[in-house]
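Next, two complexes with chain A in common: one pairs it with chain B, the other with chain C.
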Partner chain A sequence: MNNSPLLQIDRISIGFRASTGQILPVLRDVSLQLSRGQSLGIVGESGSGKSTVVLAAMGFLKHGLQLISGSVSFDGNNMFELSGKELEKLRGGKIALIPQNSGQSLTPSLKIGTQLTEVLKLHTGLSNDQYMDRIIELLGLVRLPDPEAIAKRYPHELSGGQQQRAAIAMALAGDADVLLLDEPTTGLDVTTQAHILELLRDLSIERNMAMAYVSHDLGAIARVCDNVMVMYAGEAILEGSTRQVLTSPFHPYARGLLASIPKLNDPRLPVALDGRPPAPGLAGEGCAFVSRCAIASDRCHREHPEMQATPGGTLRCHHYKDSERISITGTGAQPARAQATDQMSLVLDSLSISYHIPSFFDSLFGAKQEIPNTVDDISVKVTKGETLGLVGESGSGKSTILKTVAGLLPLRSGSVKTGDGKELPPRVEHRESRQLQSIQLIFQNPDESLNPRHTVAQILGQPLGLYFGLRGKEGEARSIEILRRVRLGGHYMDRLPSQLSGGEKQRVAIARAFAANPELVLCDEITSALDVSVQAAVIDLLNELKKEHGTNFIFVSHDLAVVRALSDRVAVLYQGRLCEIGPSDQVYALPSHPYTEVLLGAVLEPDPDVAPKLLAEDVVELSPPARGCPFQRRCPRRLGSVCDNQEPPWQQSEDRHFIRCHIPIEELHGAQVEDAA
Partner chain B sequence: MLRLLARRLALGVLTVILVSVIIFAGVEVLPGDACTAYLERDAEGPILEACQERLGLDRPAYIRYFEWIGAAVSGDLGMSVGGNQSVAELVGDRLANSLILAAAAIVTGVPLAIFLGAVTGLWRDRPIDLVVSTTAIFAMTVPEFVTATVLILIFSVWLGLLPGIVLTPPDAPVAEFFPEILLPVIVLAMVMTAHILRMVRSSVISVMSGEYVQMAVLKGVPYWQIVFRHAIPNALLPAINVVALTIAWLLGGVVVIEVVFNYPGLGRMMVDSIADQDLPTVQAIALIVATVYVGVNLAADILTMFANPRLRTQLMR
Partner chain C sequence: MADQAVNPARTASSMRWLIVLKDIWARPSGAIGLSIVTFHILLAVLSPLITPYDYREIDAFNILSGPSAAHWFGTDDLGRDIFSRMMLGGREALIVTGIATPIAVLWGGFVGILFGLIGGRIDEFLMRIVDAFLSLPWILKMLVLIVTFGSGNAVLIPTLAFFYGIPVIRIARAATHDVVARDFVSAAKARGHPRFSIISRELLPNVMDTLMVEGAMRWSWMLLAFSSLSFLGFGVSPPTPDWGLMIKETRAYLTFAPWGALGPVILLSSLIIGINLTADGLAKALGIDRAQKAPV
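== the complex of A and B ==
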């Protein structure tokens, strides 16, 4: 086998022309090499230039970017000097990309089969009558069920996981030697992600491909890559074996990054990495990380560190020998836990929600279909000061429940009651000002939930004026006080959302919720759009707010470790039905319900030695079964017809820990302990 | 699938019925009726009453509404007040003329708009885009009668190439409107092209910078194949409704253009009938225009559903 590198990126710098006419670099002097059979992970936070690197490997620059210096050589071709025709021949053929968001990257008007045929026509010598066989073979290879049917479908008819698999099949169609992956599992459910990563791992070994895997998720990198390159502010700052980088990196940034990841088996809070990377062109003379580094010296401000070989990989740091002073384990604050109390704050009483609202014409034509409720029979009592976490895959109804509590979605039956036993009007228009003020909602994406034309002062002024009549000087003073509480100063008052970083925007959204002085704050995936280091800071902030104000939270997230860090109790949902509810330490320590077991097993830890346990297929069910246990079709411990026909009973495991399953709790525990051994 | 079509159709019919009620009520509250218009200064006392009794105008409004709408459905739109001619006949000729004008404008305007929209979108900010887009903005903002007058000045007065106004009688065969129809068609096509082209342009730009086009580039798909297979079909979807609105606007009678060019279409007839207090004709035209409007938009919605795989599969379910 030829071992000279297949892909060689040599000191490339890429930049864009700013309005001042200067060319500002987004990528500085990045080099990497990739040979057959190797897999390299490229990690970094948003804006670190990691995606730009893989696109440059294909000779592609996003609109507005230009090559400043350096070269990319693939299989002897200089990618930035090839003609359009020559590039077309290589791209999608010998070098192929799996994009981040397959839902957006597949052309909506073309069937999956047509899009695959396109690649086969361009990059293989197959004849017309061989295309269909090859397509079915490829779709089967990525383990899509019923390849013939999938080939005839349009992209939107597939689930997120299936779309991602189709995109992988498309990248494999041209018999790629190098596979570039740009965050291929971001946005997928944990179970789906784990399955896709296993698939990629097997494929790369089987076909002896080279892979460059871009991700911000160290857990995913740990599963598929031999080597890792860490990027920061457009530079490669550390390169080494995955084990080295993930267990004992020598670079302060990599250590900070590891410490900021919440861990499933460690209830302590992650440590936030304060500050943010310099904007392009503002890195200055010294080390780009200097303003956030705990061990920086004068030299770091003056002198830009070069990549140097060390026992812990190649890295860019003057003081790597001292880096061990920075802890990589979660030594953050202890999570605040609520005191046990009988005082209620919110009661959901057999809540059922249906998205299917009979329309005027349905009732006119007398159409009557029995469609199972989207969310069914949810009864939960939230005590004062308690944080309830809701977890489950997409489609589990967690956000739906939040929106119903907030009054944004109509409920079908049951009720939402406040602590004093009063029923809340189901619709937000019918709620009194006092009730509105006491329940506040924070959305996932602050870019969409903050009005881009309102300054921070206006954003915070609205709830203050509306609920407390605070305007003018008074309102301003109060706004500044609230900003301080979310650790943003008064100088943020005149800024517009576009002038804030992602983390700052989410803090403003949190500040807006707290401006109403609420009793209950509903958090819908509020850390999902943030980088890990920023996420850690937001988790820390919520923890502080909880400690200081005793506010109730209902916290929805697909990230189980984040939920653990913040919640007193966790409710596990599948298809809009409760499976398990109990104190989070108990649920996480010994999951009882088979679904909880599946979910927790699929979580990827940033540790190359921990493999996920894939207990059930990642099929996406469009609607819950009409009868029996909601999890019957995927359950690894399914008993038989009793699961299909009878609703499982609630069983009490310990104090306040309940599960809903036909299998007796003791048996479940026993089986799980046995499996673990 | 059928249910959804039936539902949209039912909604369309409901809209037309509501419009007919509004038209009828609107005409009803106007001072005067067919008799006052017909008798003019004699409309007084017993003569007026006799006339009203003869035409049945003394009966309650709702009975007359049902009579009118019932007859309209069977194609009988009543008699014109002035000429004692059947409204259906009068309006029929004019409608045909308006349809010819609209069809000619659509046949030239829509393909031109899609072509220019794609060109300007693909060569965004290049000289060709700047020239075409600026012209389009002019065509949209300058009122039609100004454009029309300028074109008459250039082509008929200065160059003497085309007739400036239409002198052909309304009931003449189609062929006789040529070449008089050319200038009105050009003006209409200019305005509608400008509207549709801007929509197509922005749609092409957003699709071409989208992720699936980038993905196609990285799959090694040649540029023109990307444009024709991946971009244009998706870029045209949002244009369908704009095209429909423009067509509805055209068919609804383009009053100003028809008046400027003396073109015997529906729009001019509407204006004339209002001046003549020819209420049955006014009612008939309003009803036809409303039906056309609803019909064209319905057709566009259905076309969008079939052209968009996302909606189409929902329908088939």
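== the complex of A and C ==
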């Protein structure tokens, strides 16, 4: 087989026409080559142009974009000069794209089998009676259980992970030579993500495909890619082997990026990379990274660095020899830890929540169905000044618990009590002003949680006016003070959310919560919509606020490393039931519950030498089992029928560390140590 | 004080509308629409001062004459100058619909938001009544009322406002459902703001834009309805000039004197096209219409 590259992007520049008539570039002079059997990771923050590159590889430009210069050649074809018909033949056939959200890219009204048949018809020479065999073969290839049944299902009948597998099967159906992946595992649970990545890795080796893998997640890149290209403000700034780029990159941006990732085995806080990349057309004459670079000199402002080969990969930097001054392991601050105290701040007393509403006929005939609660029997005490982390996969009920504490969802039984032992009325309408003010909620996505029609001043004015009667000049002065506390200046007062970056919006949302001077702040996945470098800044901010005010947090996230960085104690939830709760250092150092072990094992580290441990199948359970241990169906350490029939007992491991499992705690620890050895 | 920088978004809501207007003007279709609408409004206001003839002036010796230097659009069956009557023919329609449209949007919007906030089974039930009402042909419903109460503006305005408010209920309710489900409303609820404050501060500003666009669309449809009523003889009564009425009056002579209908038809359709283009521009300027070219 010849070794000439299959896909070759040659100095491509893509831009859009601004309202001023200028053409502003979103991609500048990007080149890449892919040969059979190679896999290239493309990393960068949002807006760096990484998705535009892979779409351009298919000869596709998003609406409004135009090719300024350069060419894309795939298998000898110039992709931007082919006719629509010729492109149709190639796309989805020899060159296939797997998008981020397969749930949305699969046609909802057609069965998986039918959709696969369409691809086979278009791109293969198979005859009608061969389709079904091939479909079953393909679905088996992506390790979907029971391919015959899956082929007959509609996309909505599959879980997120299964949908993603079906999308991969579809990409493989046309015998793709090049697979383009655009954040294929973002939004999936950690265990599912780890499984999908293992699948992709195996497939690329088995089928000798070329892969271009776009992601913001360096952990995912580390698992599947041989080489990495780092993008910044529309330019490739660093290219090298994955090991080189992830362990000792020579480019200051890559180093900063690595330092901003929270690490599972390091309790220190990640280091924020301040500032943001220049907007298209505003990169100036010098290096695009200059405003955020710690080792920039005058030369970097004046002179645009060219790509040059160095011992640390091909990169764009004038001072790469000095880049080691920037630490990648993190010089991060120690997280603020709460003092042990008996003073309570919030007590959840056997809290149960159910989404099930008895139907009209059920209530009419008094028929009692045994439907397990969505969230069941949660008893947690949060002491003063403490941060409690809630972790678990999607559907574990972590956000549901937060919303119930905030009074937005009704509880079925149990109670929520404040520190003084008073029971909080379950519904927000019945709570006193004092109780409302002391508990504040921050949402996942600031685009949704900030009213697009309110300025920052109006947004902050709301809690100030409501709880403290501060309006006009007084309110304004206080708002500016709060803005400063979240590292934003008073000049933000007149801006609308649409005029802020993602990180700034989330700071405003945090400022709004702190304007109420709360005792307890509920954080619902508040960093998951942000870029890593911005996430690090927000984590840092929360840590500072915790130190300054002694505020309590309940911090919900699916990202275990983020939770570790902020939490004093961690509670692990599965299917709305508590599995384990204890001081975070203990829970992370030696996981005790089998589910915690599974979760931690699946976390991807940005290190090509650390493979995730896949201990359980990534089956998605829609409802908890009616009896026994909630984790019975997936548990890698299942004992037998006792797990199915009896609720596991609580066992105490250390001083405030509890797990809920039938297996004696010593045995669990012993087994894990044995496995590790 | 750098902290007190002036921002258009905050100074006054009237400033916001100026910006929106500028945005509409910046789009070719919006600029055309806005020019046409402005032209029509100016024409309606100024026409009594600038018409070459009195609209009642009958010239028995010069009936159904073709276009000439004296009568640009000819004369009608009574020898009246069609050009003068054309210029005046939009006044009545603009006054009636200009009053009825805001009323329709206000009451329809109010009821729709209310339904949206009530939600649940009551909302579902009420909406089925609305659906049933919408399934009847509008002209039938309107004629029943006009025949019962007589024509004239005192009946026409409330009738049009009533019937054209009903579809607004649907739109306002849907917009309310959308906004209520968003996190900033949950956030306000969790803070414990009173219901009224949530509605006025969080909900209304976000529903208002949709209602503005809807109002502009309703206006153009209402104009068509008004002209249709006139054409059927239930709107404006002679000798007041009106486009719908003029089309009706010249219908009998359409084969040999088509200029009588041509002028009013051009003016009426240009006004409706103008309003529609403006509404389109408004929707884009407010960010409601996010439709883009399909990526195929």
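Rule of thumb we're sticking to: the second predicted complex is superposed on the first by the 669 of 677 C-alpha atoms of A that agree within 3 Å, B and C clash if a C-alpha of one lies under 4 Å from a C-alpha of the other, contacts with A are read in each partner's own complex, and residues count from 1 in each chain.
Rule of thumb we're sticking to: a contact is a pair of C-beta atoms (placed from the backbone, for glycine too) under 8 Å apart; a residue touches a chain by one contact, two chains touch by 3 or more.
All figures in this text were calculated on a predicted structure; none of them were measured in a lab.
Three-chain overlay on chain A, with chain B and chain C in a clash.
When both complexes are overlaid on chain A, the residue A:105 reaches chain B alone and has no touch with chain C.
Using the contact criterion defined above for the overlaid structures, shared-chain residue A:63 touches chain B and also reaches chain C. In the superposition on chain A, A:466 makes contact with chain C only, not with chain B.
After overlaying the two complexes on the shared chain, residue contacts for A:333 are found with neither chain B nor chain C. After overlaying the two complexes on the shared chain, residue contacts for A:441 are found with chain C alone; chain B is out of touch. By the touch criterion defined above, A:406 reaches chain C but does not reach chain B. Common to the chain B-facing and chain C-facing surfaces of chain A are residues 62-63. Within the complex formed with chain B, the chain A residues making contact are 55, 58, 60, 62-63, 84, 87-93, 96-97, 99, 101, 104-110, 118-119, 122-123, 154, 156-157, 170, 174, 361, 365, 367. Contacts from chain B toward chain A in the complex involve residues 3, 7, 10, 209-212, 214-223, 225, 229-230, 233-234, 308-310, 313.
Those residues of chain C whose C-beta lies close enough to touch chain A in the complex are 2-3, 5-7, 9-10, 182-184, 186-193, 201-202, 205-206, 292-293, 295.
Across the complex, chain C is touched by residues 62-63, 406-408, 428, 431, 433, 436-437, 440-441, 443-445, 448-455, 457-458, 462-463, 466, 480, 489-491, 493-496, 512, 516 of chain A.
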